[in-house]
Each structure stands twice: as structure tokens, then as C-alpha cells.
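Two complexes are shown next, each including subunit A; its partner changes from subunit B in the first to subunit C in the second.
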Partner chain A sequence: MSYYVSVKRMNEILKELQKHYKVYAPMRFEKRGRYSDTDLIRYAEINSIEDVVYDEKSDFSPKEVIYPITQALFYFTEYEYMESKVDDKKILIFARPCDINGFRRLDTIFLKNGGTEDIYYKRLREKIKFILMECGEGWDTCFCVSMGSNKTDDYSLAVRFENDNILVEVKDDEFTNLFVDEKEIEFTPEFVTSNPTKVNIPEIDSQELLEKIYDLDMWKSYNSRCISCGACNAVCITCSCFNTLDVIYTENGKVGERRRVQASCMHEDFTTMAGGLGFRKTAGERMRFRTLHKIYDYKARFKDEHMCVGCGRCDERCPELISFSTTINRLYDEVEKLKKGEATQTIEQTASTEEVK
Partner chain B sequence: MSENIMLPNPHKIINIINETENEYTFRVETNAKVKHGQFFQVSIPKIGEAPISVSSMGDNWVELTIRKVGKLTNEIFNLKPGDKIFMRGPYGNSFPKDDFKGKDLVVIAGGTGVSPVRSLLKYFYENPDEIRSLHFIAGFKDEKSILFKEDLKNFKTRFNTIYTLDKDKIEGFEVGLVTEHIKKIPFNTFENYNVVIVGPPVMMHFAALECLKNGVPEEKIWVSFERKMSCGVGKCGHCKINETYVCLEGPVFNYTKAKKLLD
Partner chain C sequence: MSYDIDIKEVRRNCYRQSKVRGEFMLQMRVPGGVIEAKYLSFFQHIAETWGNGEFHFGVRQMVAIPGIKYENIDAVNKYIKSFIEDIEVKLCGVDMDVNDNGYPTIGARNTMACIGNRHCIKANIDTTDLARKIEKFIFPSDYHIKINIAGCPNDCAKAHVSDIGIIGVTKTEYDYERCIGCKKCVEACAHHATRVLSVEKGKIVKDICCCVGCGECVLVCPTGAWTRNPKKFYRVLIGGRTGKQTPRMGKIFLNWVTEDVVLGVFKNWQAFSAYVMNNKPEYLHGGHLIDRAGYNKFKEMILKDVKLNPEAMVAQRVLWTETEYRSNFNVKPVTQD
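Then we have the complex of A and B:
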């Protein structure tokens, strides 16, 4: 069933929902953007429907709701530990199709990989329901259609914002009661069917080809370009890697906690071991790892889908203007050449064709 | 609620053996069922956590041989028998011990690499009838870094051993890297055999090449990988190589797979 709801009425419904749910949506943080006088849009608990930024893409993904940048796993006293606790409230997240599909990738790592479940992820994941936000046209850097993540039916409510009103589809019976007095209309959310940005995913079908890809000169062009800041990982809905870190609270060191902190495969020390031994020492090698992880080896492992959902946030966040979609397309071209036995680009050539948005 | 895989449990330290100045073996009480080649995530609350291989095991204990290199390991060296250490695991796969039975086995280990194969060696030392022959090459940097002196002596009595130091000349030890001694293994007299190689990445690489040069087929070689690990259970991503997680599918790999893993 779908309904035509005024913003005023929707705010009343929100208040009702908030008795049992924490409601998260992309919100505007004024003057906190990357450049002076720009705003930052990131996920936070909303107070009213007007807080929801629906006509811009959020800089950060909703993964932080369930997988915070830093999170206490448990607390220690002398020789005891206490598992960290979570709120009893359930969680509602206003999310785009790409992000909802992104959660499925996080589910795969945290709940399935290795046959074990991560309880810190699970205990929040079980509480989550989605309010699908229609995308309209999408944005310049989006390439969800190429990744097949432009659509989803994993939502409880779907919304389209119109000036003073909101069209709401209610798919989950739990919420039907809240809308019984509203005006019924015909509305099902529409999904973006074409993005301005498109990517071609290279078909990597043999170990020989993979080895040649590892040796491609194109990776070296990132050695000077990428500053290994990890911003691309931080905004990615599908990046799940972390470090663990113990913290002491007091001088005498009797009480503390073990934390999990999001990690970045683009950081120099991601693979560093004793004696400084590391495995991906250059920015180019790390870019190769990230690229193949997102569009090759995740799928090779889990079969169903690529890891990247094409949200394009990494493109927007990169201080060096490196575009991931361009990187994928570049790799595609190089792989085509490898398959045809043609010479691939040398570093000098790639320097002139560096992707600048 | 599912079991919390991140939560470690306290275990009592029964005994501590000083192997070298910077390497101690900690015998820890546990009734966990461990396979040769597996590791534990070992931690001290408020300090940190790291993967450590099991170097020996018994009815209700395991031994962990730890090198003092940093935050956690420095702190572990301050512990005394009776103190508690936190652990979760065991994790990872193991050496296919049962496949090794009845055949010839060659073990080539360098430095701390002896530690993850020690329990396997001890098993065949105590069950010599289960193996046709065992050749053990162990290499250390210098006299100061020799580990498990007592075991090395014992192994000599039942296995064909070659112990070597990179440069130092002392009794009972050859001189040179382990790779230089591989040609002494009589591979051509074996009917069916396996080769286990564990040590620093460079050593494993060249030792494997040397074996291949001596006619060893790839599928007979087994190696154990070390990678940075923060979780041990396939969640943190640090140990991932291509689509393979070293903590889950490793640390032990057959060479046919290992050679395909591109970092």
C-alpha cells in the first residue's frame, strides 16, 4: 500500500516510530565539508523529516550506524572482561539502493566469511530495517547500474520527497497501522536505470591473466598520484577491514577496553609485520589490491556479486581526484589489450591520461 | 545470541622456558584440541592481541614460543608462571599429518619457522613407526638464535638432521643457509614423500625453488604463511591475498596453491 503524506503528518509518524526505533538518515552538517564553506552530509539520528537530505548524495555511507569508525568490543578490569552493550531500540535507516545492496556485502564478511558470525555486527544488523530513498536521476559519479546494484526490494518503507509531501510505500506490515488515516495513492519507487558514468568490468578468467594484471604498468601511475590517505576506504559502504586496539583508561592501567577501529588497505602499514616486512609497499600495489578486491576477488570467493556497488563516493572523496570508475575502465582496456596480445600503456603514456574529473 | 568469536579466555601459564635472549616458550594450560600448524590469538588485556603458533602440545597444555618484538610480546615476557594469559582459538588449518604417515618427510625450517613445525616433529619423534623417514634441515642465524636445543639433540637420534648457522662455526652445525643443504636430501631414493618448508618469506621462496630444482614436484611441498592478522577469523581483512584468507584457508598451503597467491 502507498500513501500521500504531508511533511507535518510524517513528522508525527516519525515521533511515533522513534518510540521504538532510532531513525538514521543523511543529515547536513554545515561548514564541515572538505572545502571551506561547504557542508558535510553524513548519517546521523534525525529529529524531524526536514533533517533528511534527500536531494544530494551523502559524503559518507550508512555503514557507520552498524560498523562505527571505532567501537568498544569489551571492557577489561584486572582479569575479567565485559562485553560492550547496545541499545534495546530497533534501527531504521533512510538508504539508497546502492547502500542497501552494500549492506549485503558487509553481511557476507561479518556473518558468513569463515563460517562464523561477528556478534557486534549481528546484534545491530538484526535490528535494522530500511526506508528506501528514491534517487531520481542519481549523480555524476554514480555507476550502480553497471554494478547491478541500482535496484532492491529489501526495504520496509520507500519514500519519494515532494515539496511539502512525501509519497510512502509501506511494504512491511509492522508499519501499516501508522498510515491507515493517510490518503492512499499509487506509488512504487522507481530505480535509476542509467547513470552518466558507466564501467566495464574486466573478465579475469585465468591465473595467467591475473599475473599479467599484477605486472601492469598502470598501477605505477598511482605511486605518485595516490597519497595513501585511505579516504576512499572510509566512505565506502563495502569496506569492512579493521584493526584491534587496546586502550587503558587510568594511570595504573587496571581498567581498559579492546576496540575495533576501521582500517584501510590503502594505508602503508596495512600488511606490515615484524622487522618492517610488508607485502604491498607502494601506493600502486595497494591500488591494485583495492581494485581487484572490489571487482574481482570478492566475487571469485563468494560467487554472487562484485563487492563494489558503484556508489561513487570514493571518487568524490579522493583529495587527489582519482576516480575509481576510471580506474576500473582503464583496467578493462588494459585487460582487453592483454587478451588481444597488444602492448599495454607505459607509465609515460598513462601520466598524460591521468583521470581528472 | 551467537558465541562471541572476538572474546578471549584467560589461561594459566604453567611454565616458561628461556630459549634465547629474545625467545621464550610459554606452556599454557588449555584443553583445546589443537592440530599441528594452528595458531591462537594471544592477548593481554589492555595491551593487545597477536597470532602465535602452537609449538608443542600435550594433554591439557600447549606451548607457545614467542619472540619479543613489540608491544604485546614485550609485555608477555614480563609474565611469570601462574599468571594468566588470554587466548582465543585455535585457528587456521594444519599440516596434513595423516597424509604424511607411512611416507618420507622432509622438514626445512628457518629461525622462528621451527616453532610452527615443532609439534609435528615431536609427534613423529614419539611415533617413529608412523613415518618411513624424516629429514630435518633447521637453519639459524647465529649461535645466539638457536631454538629448542634439547629437541634438536633428541631429533638427531631418530631423524636425519642437518643443522646449520648462517656464518658461525660451532660443533654440530654446518655453515650456510638452509637452501645450500637441500641438495643433500636423497629425494631420488624416496618412493612417496612430502616436503614442509617454514621460515621467513624469502627463505621459503628460495627453499621451494631449490626443491623444485632437485626434482621435487610442486604438489609435494607444503609451506606455512605469516601475514599481519587482527582477527584470525576472516573478518579484519589484513591477511587476505587475492580471494584467499590466510587465517581461514591457511596458514598452511600446498605449494600448488601458494605459488598462485599474489600479494
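Then we have the complex of A and C:
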């Protein structure tokens, strides 16, 4: 059933929901953006429906809600340990189709990768239900349609914001009671069916081709362009790497916490081993790794879909204006050339192309 | 042609004497150096009608039109009436009588500024907006002051060599939970700024004493753990100057003050100048007035009725270091060894 709900009523319903749920949505943090007098939009617990920023793409993804940037796993003393706890309340997240599809990738990584489920992920994941936010036309950096992540039916509620009213589809019986007094209407969310940005995913069908891709000169162009800041990883709905460290509280070194903190494959020390050996020493090599991970490795391992959902946040957030969709298309062109046996662009040609730009 | 011209009067009217007898260069104020592009055709008209067809991007960001003949000054003054009205009165809110006589005084020099946060990724403040707000406190006035506004401590606008230099600084705030300990801010601070950041137990520790407030940590932070406090803060430098006798770098007077404090300082500027020069404006600019009065008297008068914000820091003394071209204490001819 679908309903036509005023903002005022929606806020009353929100209050009811918040008795049992923590409700997260993209929120505006005024003047907290990277540059002076720019805002930051990221997920946080909302106080009212007006807090929801529905008409702009959020800088950060909703993964932080369920996979916190810093997370204590357990606390320990000399002889005992105590697992960290999470809030008893369930969780509702206002999310777009790409992000809901992104959560499926996170589920795969944390719950279906190897024989062990990640309990720290699972204990929050089990609490989550989604409120689908309709995208309208999407944004110019989105390429969800190319990645097949523009649609989803994995939601409990779906909303369209329309001036002072909200169109709500209620799919989950748990929430039906809250809307019984509202005006019934015909509404199901519409999905974006075309993006201005389109990507072609290269078909990599042999180890021989993969090895040639490794040696492509295009990666070297990122050595000077990319500053290895990891902003692309931080905003990515599907980036899931973390570091684990023990933080010792006291001088005797016997009390502390085991903590995990999100990590970035674009950072220089991501592959640093004990003894100092590292595998991807240049920004270009790290760019190659990230690109192939998002549009080759993950699917090669888990079969169904690529890791990248085409949300385009990495494009928006990169301080050096490197576009991931352009990188994918560039790789596609190079792979086509490899398949046809044509000479690929040399580093000299790449450099001169960059200069012309 | 024989000329009999009161050069000082013409200069006061913002026309600078040329080496060509009877020619002058008009200097038009553009506080902060930003105005609508539509005025370009206005400047072009002046240059091609009365000037020599060229214009100069004045070093203090005024628009300068050289080659104006003395006998054309009246016509030019009539023509620039609308510009003075637009810029000084409408844009900056200056309380002045705009008439056919051109600029009433050269006094306070054009306030110059970098492009600031309207464009620059590094800037912490809207320098253009501040320059326009300051204009009504310093103009029109015969008291000579040079003000430079820089959007960040990089000081592209050379606030360090102006009578009063303003630098936009930011009090960055750190979100412990959002930090992944990647050290990008530590590297950025060491490279660009003052090495006040370090890592301790996977998180960042800051030596707040020596933070210059540049915001480089914010620019490079991948997770948005570092953000600017939305409140704007300013550093105020005094007594910097170029010049033949005693060029010197400005020294810090105030740090972490709000815009209200900055504007409060400029509100008191004319009264301070009048005090030092006994109400008789001389061709002597701000830094020299501070020297004459002494720092403590300057501080007392310039902060009169100014309510300092809780974060504010005020210099207890100023250790001037000048290049002594006049005395040449240290530089002597080799024959005097």
C-alpha cells in the first residue's frame, strides 16, 4: 500500500518509529566540507524528516552506519576480555538503490567470504531495514545503470519527497499500522533507467590478458595525478578493508581494546608487510589494483556481479579530479586494443594526452 | 604647453603625476580586487577616450589609467561618478557624497586581497566580502593606511608587508571516530605547515600551540575527520611595509579573532591616526603611526570598545625587526674595515 503523507504527519510517524529504531539518513553538516564554506553531506541519525537531504548526492555512503570507521571489537585486561556492545535499537536507513545494492556486496565480503561470518558486521546488519529514497534523475557522475545497480526491491518503505509531502510505499507489514490514517494513493518508486555517464566493462577472459593489463602504461599516468589520499575508498559503499590494532590504555600494557579501523588500498602502506616489504609501491599500481578489484576480481571470485555499483562518489570526492568511470572506460579501450593485437598507448603518449587536457 | 598645477591636490583626487608634463594616471579603487566584469568596458572607455589607450593592473589592485591630460580630469571625474557610486556606496556601503569631482581623497589605499574562498581551494575566508566591509571604516579618509587580506596563512596577498594585514585562519576540529590514522594530515602539516600533528595509538595528536590555522589537514583528510569550525577566525598583523628607509615584515598583533573584532579595529583606525598626527593628516602611512605612538598606545586605542572573543589572543609586545637602510648599522663600505 502507498500513502500521501504530510511532513508534519511524517515527523509524528518518525517519532513513533524512533521508539524502536535508530533512523539514519544523509544529513547536511554546514560548512564542514573539504573547502571553506562548503557543506558535507553524510549519514547521521536524523531528528526530523526535514533533516533528510534527498535532493543531493551524499558525499559519504551509508556503509558507516553498519561498518563504523572506528569500531571497538572487544576490551581486555590481563586475564579477561569483554566483547563490545551495540545499541539494542533496530536500524532504519534512508538509502538509494545503488547503496542498497552496495550493501549486498558488503554482505558478501563480511558474511560469505571464506567459512566465517564477521560477527561485528552481522550483529548490526541483522538490525537493518531500508527506506528506499527515489533518485529522480540521478546525478551526472552516477553510472548505476551500467553497473546494473539502479534498481532494487530490497526495502521496507520507499519514499518520494514532493514539496511539503512525502509519497510512501509500505512494503513491510511491520510498518503498515503507522500509516493506516494516511491518505492512500498509487505510488511505487521509479528507478533511474539511463545515466549521462556510461561505462563499458572490459571482458577479461584469460590469465594472459590479465597479465597484459597489469603492464598497461595507462596506470603510470596516475603516478603523478593520484596523491594516494584514499578519499575514493572512504566514500565507497563497497570498500570494506580495515586494519586491526590493539590499543593499550595503561602504562602496564595489560588493559586495552582491540579495534578495527577502515583502511584504504590507495595508501602507500596498505600492502606493507612485517619487515617493510610492500607490493604496490606506486599510485598507478594501487589504482590498477582498485580498478580491477571493483570491475574484475570480485566478480571472478563471487560470480554474480561486479563490486562497483556506480554511485560515482569517488569521482565527486577525488581532490585531484580523477574520474573512476573514465578510468574504467579507458581500460575498456585498452583491453579492446589488446584483444585486436593493436599497440596500446605508451606512457609517452599518455603523458602528452594529459598535457593537452 | 605651460602648466601650473597643484600636484598634491591632483594626487589627493587620485591622479598620479606622470613623467610626461601635464599627464596623470587615474587610480580607481576596487576593494578586494573583485568587481563585475561589466566594468571592463567602462575602464576601456576612459583609457581610449582620455588616456593613452592602456591600463595598468595597479599593484594594489586599483585600476589605473595612465596618460590622462590635466585638462581632461574634469571630464573623467564626471564620467567616473557612476563607478564611485556603484562600488563605494552601493557595493561597500560607504557613507559619502558622490559628485562630479571624482574621488574625494587618496587617503586610505585600496584594500587588496587574494581571491579568497570564492574560488581558492586553500582559502579559509571570503576576502572580497571582508575588504568591502572594511571600506566604510577607512574611506573616505585622509589617513593613509594599506590593508592586505589573505585567505589563508600562505599569504599570497602579502598581508605581512602591509600596515594592517588580515589572514584567514581556521580552527580545525577533529572527529576521533572518523579518523583512520592514515597520517595524510601529518604529512600535509609537515610539508605545508608547522609539523603540529603526530600519530599516537593510531589516532592524531595536535600541538595546538603552533598550529597556524591553514586547514591543510582538512584538505587532505579522506574521511572528513578534520573539518573547519564553521566560525570564521582571523589573524591580524601590523606594521609591515615596503619602502626605501625601513622595510620590514609585519608582526602578529591578534590571533583567532572574529570578524567583529577585525572590523572593530578598523572602526578605531581613524581616531588613532588623528591622535598620532594631532588631527593633521600627513603623507605618512599606518606602520609609521604605530611606531610613533608605540605599540602599547596603539593597542590601547585600537582595541577601545572592541569586545574580544574568548578564543582571541593579543600580542603583549612586538619585536620589530627592520632592514635598516637608513642607519646602515651593519653595512659599511669595505674601505672602512
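Note that the second predicted complex is superposed on the first by the 348 of 357 C-alpha atoms of A that agree within 3 Å, B and C clash if a C-alpha of one lies under 4 Å from a C-alpha of the other, contacts with A are read in each partner's own complex, and residues count from 1 in each chain.
The criterion applied here is as follows: a contact is a pair of C-beta atoms (placed from the backbone, for glycine too) under 8 Å apart; a residue touches a chain by one contact, two chains touch by 3 or more.
Everything numeric here is computed off the predicted structure, so don't read it as measured data.
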In the superposed model built on subunit A, check whether subunit B and subunit C fit or clash. fit
With subunit A's C-alpha centre as vertex, what's the angle to subunit B and subunit C, nearest 10 degrees? 110
Please tell me which partner, subunit B or subunit C, touches more residues of subunit A. B
A:29 contacts which: subunit B (first), subunit C (second), both, neither? second
Contact-wise, after the overlay, does A:248 reach subunit B, subunit C, both or neither (first, second, both, neither)? both
Touching partner for A:114 - first (subunit B), second (subunit C), both, neither: first
Contacts of A:37 with subunit B and subunit C, given as first, second, both or neither: second
With the two structures laid over each other on chain A, which partner does A:231 touch: subunit B (first), subunit C (second), both, or neither? second
Going by the contact rule set out at the top, does A:68 touch subunit B (first), subunit C (second), both, or neither? second
In whole Å, how close do subunit B and subunit C get at the C-alpha level once superposed? 10
Which parts of subunit A are touched by subunit B and by subunit C alike? 243, 245, 247-248, 263
Contact footprint of subunit B on subunit A as seen in their complex: 73-74, 76, 79, 81, 83, 109-110, 113-114, 116-120, 122-123, 207, 210-211, 214, 240-248, 253, 255-256, 258, 260, 263, 265, 270-275, 277, 279-280, 285, 292-293, 297-298, 300-301
Considering the complex alone, what residue numbers of subunit C touch subunit A? 117, 121, 123-126, 151, 168, 170, 176-182, 184, 201-202, 215, 218-225, 227-228, 230
Can you tell me which positions in subunit A touch subunit C when the two form their complex? 29-37, 40, 42, 59-60, 68-70, 227, 229-231, 233-234, 243, 245, 247-248, 259, 261-264, 267, 319
For subunit B, which residues count as touching subunit A in their complex? 1-8, 10, 43, 45-49, 67, 69-70, 84, 200-201, 226-228, 230-231, 233-238, 240-243, 245, 247-248, 260, 262-263
